[in-house]
Amino acid sequence: MVHNVSYLGFIPLLPLAGALILGLMYLATCQGKQISERLYGILGCIGPVLSFFMALRVFFSLRGLPEQERFLSHVAYTWFSTGELDIPMGFLADPLSAIMLLFVTFVGSLIHIYSIGYMKGDARYGKFFAYLNLFLGSMLILVLGDGPVVMFVGWEGVGLCSYLLIGFWSDDRSNVMAGNKAFIVNRIGDLGFVLGMGFLFWGIGADGFDYLSLKANAQNLTAPVGLVVCLLLFVGATGKSAQIPLYVWLPDAMAGPTPVSALIHAATMVTAGVYMVARFSFLYAHVPAAGEIVAWIGMLTALLAAIFGMYQDDIKKILAYSTVSQLGYMFAGVGVAAYSAGIFHVFTHAFFKALLFLAAGSVIIALHHEQNIWKMGGLRSKLPTTYKTMLIGGLALAGCPPFAGFFSKDEILYSALASGHVLIWMIGVVVAGMTAYYTFRMIFVVFHGTPRDQEAFDHAHESPKVMTVPLVILAIGSVFAGFYNLPAIFGGHQKFSHWLAPSLVEHHPHGGVGLEILAVAASVVAFVIGVSIAYRKFSVPVAEPVYKGFNKFGYHKFYVDELYHTVIVRPYQFIGKAISRAIEPFVIDAPVQASGWLYRMFGLAFKVFQAGYVKVYAIYMVIGLSVLSLLVSQSLN
Amino acid sequence: MINNYLALSIVLFCLGILGVVSRRNVFVVFMAIELMLNAANLGFVAVSRLHVNMDGHVLALMVMAVAAAEAALALAVIILLHKHKGNLDTNIFSLLKG
Amino acid sequence: MFENYLSIMIFVPILTGLALLLLPVSREAARALGLAVSVIVVLLGLKVFVAYDGASGGFEFTEHAVVNESLGIAYSLGVDGISILVLAAAALLFPMVYLLFATRAKGYYANLLIVQGAMIGALAATDMVLFYVFWEVMLLPIFFMIGLYGGPRRFPAAIKITIYTIAGSLLMLASLIYLGIAYHDQSGQWSFAMENLSAMSLAGPTATLAFIGFMIAFAIKIPLFPFHTWLPDAYTEAPTATTFVLSAVMAKIGVYGVIRFVVPVFDESFARYALILACSGVVGMMYCGIAALAQKDMKRMLAFSSASHMGIIALGIFCMNVQALTGTLYQIVAHATSTGVIFLMLGIIEERTDTRTIDDFGGMAAKAPVLAFFFAVAMLASVGLPGTSGFIGEFLIILGAVKFNPLIALFAGTTLIIGVCYMLWLFQRVFFETTNPRLEHFRDLTAVEMLTLLPIVILIIVMGVFPQPFIKKIEPSAQQQLAAISTTTHIAGTAQAGPNLKTGEL
Amino acid sequence: MLATYLFFGLALLAVLGALGLILFKHPMNGAMSFVVTLISLAGLYALLSAKLIFAIQLIVYAGAIMSLILFIIMFLNIQERDLPIDSNRWFYLAGGIIVVAPIAGLMIKIAKSLPEEHPELIDGFGDVKTVGHLLFTEWLLPFEIVSILLLVALVGAVVLAGKRGVN
């Protein structure tokens, strides 16, 4: 039973309209008299906030429906249709997209408000809000799209906004390069997505290429094609959600303004891959082998990123690697078919990671765009609100009970254990410990100890209300979001999982209370170990360490960027040069040139006969006549 | 009988060719061309006699008219060339060389 | 009032162009006249486009007059879904040139008029001899425009494109004569009308040769790898408006020719060689796309980019399913708008800075935000971002390619990546980074330029968001065009070698 | 019989004159010997009963054209030293004969195949009146065209010769 509600289309349309208006205003005025920042800020926030209220409306109308009828949809118009293919511009709100919708608009609105303060004084203030609005609109299309093709619109749209916002300060070449890298790497993933859609369509899509029809026909998909589709779609997910081997763009993406890092590169866009896998749970449930691969890639990514995270100097890069690592958890979750656990982690992660980034942004602004943690220290007293909120975020990220991250991460690890993926669970526990370690390494170095740069320390001051209020709100979310899916062992009812049930195809494993206690205990132990190591090493004033051996290897991120550069980028450039300098002129064009040369040679050869004297031509004529006469007399005889 | 006339016409024509080919004096070349025209005329008139048909005569008249026109123009050109180059050698005119 | 829209669209520009060549008219007057004529053509073109119904998939706006009864050559025109979008592009894009480039010679505008008329003629002709005539007429103005008004190395470029194209055309002529004779042998009558020729069943080695003759002629025009080598030189040396004409419309007529003539007439040979042709398209796309990255000259780079896109567009034909074919027909126009706008903006930039070397630019977005915005929109359409015109076509082509042959689809899909690589690199070097001192006094677009380009930029978005009105016009004809080929291929037993994804046989 | 002797005599003169044309060094001598050819040809026309052509050959060719040529030769006042050196003359002549021989042989062979006997003449064959009648009825258009040609040649000659030279 699907209910048609026409306001669905307006949810993405509002921010998009905002982007258009802001963009035109900015274009019209950027070279003349500037419009006041306040106007831009207010206009920029209208769209997201309205979308948030509409998302609430969607959520509550879904709640008012019986469980199996929780589908709201709206087809705006036929987007394109040819042959068997029929793609409507349709939107679908079900429990899954409603959850995504809620936190995307909620976190998005908060970050818009925060940006009013953060971007103060930037010459391209209006452009920033236009891009942010565009991003939010695209993200909402991604979430609300009723089929893979409409989702792809948002999918690419958020990629574009990511590119634009990473290279926002475009005067600096490295920022633009980081943006390019993000776009190109995402595009590699998108290739997988597009091909996956192609296979899916020719497999079962002819009877309707939207989620509900696909879900209904999923059993018709043969196993090999199903595997191909799942893996190709997962390639798309690795690009967007920064998994091995396409994770390299996310740390570089920190070149963008901090609200961007918080909104796009931590809370919302990068989770799109997880959302997509959950969306296609009816396919992945069909093909267990694909889920296996997803889970392993996810967990390995989590491990790798956690290792890198332990060595970073840049506060935002630490958070970036922690994002990659947490995304790995999410994929491990959806990979072991615990889709609701993965989505729950997406949900809680959005709060605490946005919080951490915004708090980091507050620190960065306070220190006038200093991002190196080894130039900070002792900021606890100067930035009390920031410190408290960041501590809450850190505890949530590290998985300290009862903060949000603990429950969601535990749910994933328990699902892995209960579904028999013991090795994945063990790695997960280790990564949890590492997460605790690098999170508190960061907090201790930045906020505890003594100031390392006295001058910067003296000028530091707490951020304005417009920035701290979102921090506090997010901190509250980080504390309490986890209770939404309290498992039975803590006396809860897993409301979140039940809420999602109509959208997903999953079977909750029942491992028994013993396993559950084991999982919880292991996570808590890992957290305690990680924090205590960090406390031992960094709660006292320490200088910037010099890395040797394996540590140096980790500090340089296993030289993966360099490897990619040597193996992919350089040969690509080389082939380009080779084609344009050698192959094109000397191979492909050679027959053409040769034919021209041949004609010229013929010309030169016959030029000899062209003496230029009329008499000579007369002689030729006579000779010709003579030969002709000879031939004719021959034939006469 | 007529074939003797035609043979004479052929001989004269060939002599004309030889004149054009072997001489470099522009006057001689020009007159050799006139010789060939005359040889052709002789052919026309002879065949005309053979068939008792006077179209050959008319053609001969035409050829003469053309020859006259040619003579007028050619001589004008020769004068011009002589003025320009001060020479009568056909080989100095090689503007057709590619 | 009158009904010969197509004839008017063909001959008013051609006759005006010839008159301009012969009459002593000032440059300004020539430009004004050209603009006026092109606006008339735009209005007629809009009329035809809107009035074209397309539900039946057959020809509309037909005109017919016998030219030579004994040889069956006729002056017959018509529009169907295959030609309607290309025709619209050929009709609608030209006024921009007159508006944007004001300082050209009289002959330049005259040649533009002639080339427009000839292109519309080639697109509207339904008699093959008539098509051939317009096809050849199309080339001459291009030769003069490059040779007379082009860049420093214009002569070799002009000669190369002309001789290369004519070589192909001669092969086509020979094949055309063969077709006429074959039809005469089979039916006892002479005719070069499309519907008669496509109804023939051709077999044997001679038919294959004739197929190859046609295919080479069109492959040169498109251009398909490895017949593309005239393109970088010609595009680079030609004056910008000519490059615009070449890339936005002329190349598309090559694709159009394959769909219109080769597919129905040589259905069997076409099905047999489709895989090879598809490979050629894909290889060309990758080859030119990778080569584009190594270019130093902006125009040359965009020339390679254009060639790269043509590879993908051509691929859509060879996949032989309705999605890919519709995608090709759609992408033809999408590419015409995006690449056209890019080349026009390049022309504006070149006129202001006197350079095209990428290293001479940088930070232009700060100096000219509107130009940067327009360029970005066109660029995104060119890389196929959803929401712009470029996505629909590319998506349909790749979708069709998956059905045709997954491996081809995989390589075709790399266009998503390759296109982005060089385009972003170009955009970065030209519009981002610190402002190059050369651009200190660079002006943004003037009001006229902005208003000229704005409709196309809007069209790019509209075609991305609301493609169905366009697709509705082309799809029935695409279906019909493929109906013929699928029946013959089943009989000939050469049905597509691709996988059957329904039953899962990879 | 007389006609035969006359023919051979005139033919001999014509050939000798032509030989003189191509062999004499000075164009003046060549022109004079060419006149001999032209006059003998006129005689041959008379033998063929082509009365009008006979007259015109004498008047126009031997008279007008040749005197024009002679006039120009004398007008240009060509000296021995002005003459081009025909260094390879004998080589060209010998080569020319070799080349021309097959042509001549073929043509003569064809001429020989023609019938020997002469048909009876009709009344007024070759007369001014009959030829003129023909000229103004059947051949009117070519005649007019030729007259235009002559006019053009006249104008052309005036324009060309009237130009001021460089020297």
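Letters are used for the chains, namely A, B, C and D, taken in the order the chains are written, and counting of residues starts over at 1 for each.
One rule holds in what follows: a contact is a pair of C-beta atoms (placed from the backbone, for glycine too) under 8 Å apart; a residue touches a chain by one contact, two chains touch by 3 or more.
The structure displayed is predicted, hence computed values, not measured ones.
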| item | value |
| --- | --- |
| Chain whose mean Cα position lies farthest from chain A | D |
| Where chain B and chain C are represented by their mean Cα positions, the distance between them in whole Å | 60 |
| Inter-centroid spacing, chain D versus chain C (mean Cα positions, whole Å) | 66 |
| For chain A paired with chain D, centre-to-centre distance based on mean C-alpha positions, whole Å | 99 |
| Centroid distance [mean C-alpha coordinates] between chain C and chain A, Å | 36 |
| For chain B, residues that touch 2 or more chains besides their own | 17, 21, 24, 90-91 |
| Residues of chain A engaged with two or more neighbouring chains | 619, 622 |
| Numbers and ranges of chain D residues touching at least 2 other chains | 96, 100, 103, 107 |
| Every chain pair meeting the contact rule | A-B, A-C, A-D, B-D |
| Contact set on chain D toward chain A in their complex | 96, 99-103, 105-107, 109 |
| Contacting residues of chain A [partner chain D, same complex] | 619, 622-623, 625-627, 629-630, 632-633, 636 |
| Contacting residues of chain A [partner chain C, same complex] | 23, 26-27, 30-31, 77-83, 85, 149, 152-153, 155-157, 160, 163, 167, 170-173, 176-177, 179-180, 183-184, 187-188, 190-191, 194-195, 197-199, 201-203, 222-225, 228, 572-573, 575-577, 579-581, 584, 588-589, 592, 596 |
| Interfacial residue positions of chain D with respect to chain B in the complex | 4, 7, 11, 14-15, 18-19, 21-22, 27, 30-31, 34, 37-38, 41, 44-45, 48-50, 52-53, 56-57, 60-61, 64-65, 68-69, 72-73, 75-76, 78, 82-86, 89, 92-93, 95-97, 100, 103-104, 107-108, 111-112, 114-116, 118-122, 125-126, 130-131, 134-135, 138-139, 142-143, 146, 149-150, 152-154, 156-158, 160-161, 163, 165-167 |
| In the complex, chain A residues that touch chain B | 607, 610-615, 617-619, 622 |
